[in-house]
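Written below as structure tokens is the structure these notes are about.
Lettered A, B, C and D in written order, each chain numbered from 1.
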Amino acid sequence: MGITLKQAQQAVAAAHEKALEMGVKMNIAVVDAGANLVAFIRMDDAWLGSLDISIKKAKTARFFDMPTGAIGGLSQPGGSLFGIEHSNGGLITFPGGIPLKNSEGQVFGAIGVSGDTVENDHAVAEAGVQALAGQ
Amino acid sequence: MGITLKQAQQAVAAAHEKALEMGVKMNIAVVDAGANLVAFIRMDDAWLGSLDISIKKAKTARFFDMPTGAIGGLSQPGGSLFGIEHSNGGLITFPGGIPLKNSEGQVFGAIGVSGDTVENDHAVAEAGVQALAGQ
Amino acid sequence: MGITLKQAQQAVAAAHEKALEMGVKMNIAVVDAGANLVAFIRMDDAWLGSLDISIKKAKTARFFDMPTGAIGGLSQPGGSLFGIEHSNGGLITFPGGIPLKNSEGQVFGAIGVSGDTVENDHAVAEAGVQALAGQ
Amino acid sequence: MGITLKQAQQAVAAAHEKALEMGVKMNIAVVDAGANLVAFIRMDDAWLGSLDISIKKAKTARFFDMPTGAIGGLSQPGGSLFGIEHSNGGLITFPGGIPLKNSEGQVFGAIGVSGDTVENDHAVAEAGVQALAGQ
């Protein structure tokens, strides 16, 4: 079953709350199983360049059903997926994108977060993932 | 002053509520004064192709500070702006995009709606505009 | 001989002055014989969407060494160049773009103006052309 | 407050003067807070390929509100932002792009310079920054 707007908004809201708590300014995107945008917000004064990156992180996480950072580990010079970022109109392969799973464990979307360090981006995305855990 | 996320979300929520009331499935996008996305939602089962159209409508309305349909009236064959849609990476010039103004009457963003007839798209966008009236 | 930066800036300055005189807010672009940008200005509060259009008008005028409106007359439905706007990453074929000629009558660049009615766009571009007449 | 055309032209003129002084041929671009072009010049015989690079540097500096070289330090193989250049239609992450701040210390635009060594590109951009200091 595909992610609903209600679920996407729950994930965005939880990530937003986490970002406020951490004092960071984020772009937060959720895509569905087809890797198409379902919900998006840009926090006031968040980096403008992170808009596109947050959406690309969400898409990348769904394209390969794994956290974006895992792909980045394989796309380094000499790695097996070197240059994969050139596909699909541009991938982002550093942390901040995570697949979202439904109650049956199937990937039904993904969340992408960008606006601060990749560690903080990932932490905020993880808050979105947790908000949907068990749904 | 630029549109805030809070204001953008108010506009999106009002448009969403209007769409539910009308029984239509919409993509709803809000951009800021720089024509960059601030908030977006896609309702369940809304046309997938309307995702891009809603964002392009919002951008088009801000690009020229007028409702998208007004541009479409001039871009017909024989019209003074025939073919303007080829600019800016693709414009959408039929109704559904409307500029958003702040309390001082300055355009500080725009809303774009797509998913049904252009009349309904415009009506839903207008609900978003009204939600920010006087702010 | 190619257009120099100095000449391009003269054309831009003359067009700018004309726009101020007329009370219109314009984007003004000058390209060289290779159709590559040499000088550009966007006046305060000029339409954002006209940025790309002004550059595309200048390029289009140089691509075919004629005023953009002349091409638009041929690209209407049923016309001999119908759909030409799809080429070259997007052409703009309504008035506002005019070739620039050197003292020997050779096209050595073009000016593109966008921000108001096509008649006013053309008038402002023409002021840029006149500034270089005989050079 | 957004950067005005007058301010953008001051920054461009100062950078141009610096380039003449240094004997280098530059492309110089200034964007506003929305990362949209406000003023641009290409010096005679400047590298043609640097046209796009100068604009991308200005955009990149505004996208992340930091000098482009700072991003390049993080986007190397093994770095936390490896591959970020694939976002936003192409970033340039080597030196030559610098944010521009208004009198209140807020970023209200950026300047991008390309045409020589990255050290010289940066020096010329810095001259543009200095021209607006305290405005």
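By our rule, contacts are C-beta pairs under 8 Å (C-beta built on N, C-alpha and C of every residue); 3 or more make two chains touch, one makes a residue touch a chain.
These figures come from a predicted structure and were not determined experimentally.
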item: Chain pair, A-B or B-D, that carries the greater number of C-beta contacts; value: A-B
item: Interchain centroid distance [CA atoms averaged], chain A/chain B, Å; value: 25
item: Centroid distance [mean C-alpha coordinates] between chain C and chain B, Å; value: 29
item: Chain B and chain D: spacing of chain centres that average the CA atoms, whole Å; value: 32
item: Multi-partner residues of chain C (each touching 2 or more other chains); value: 48
item: Pairwise touch network: line, ring, star, complete, or other; value: other
item: Complex contact set, residues of chain D against chain B; value: 32-36
item: Residue numbers on chain B that touch chain C, as the complex places them; value: 34-35, 60, 62-65, 77-78, 80-84, 86-89, 91
item: Complex interface listing, chain D residues touching chain C; value: 4-5, 8-9, 34, 36-44, 48, 51
item: Chain A to chain D touching residues, read off their complex; value: 47-50, 52-53, 56, 72, 75-77, 85-86, 90-94, 117-118
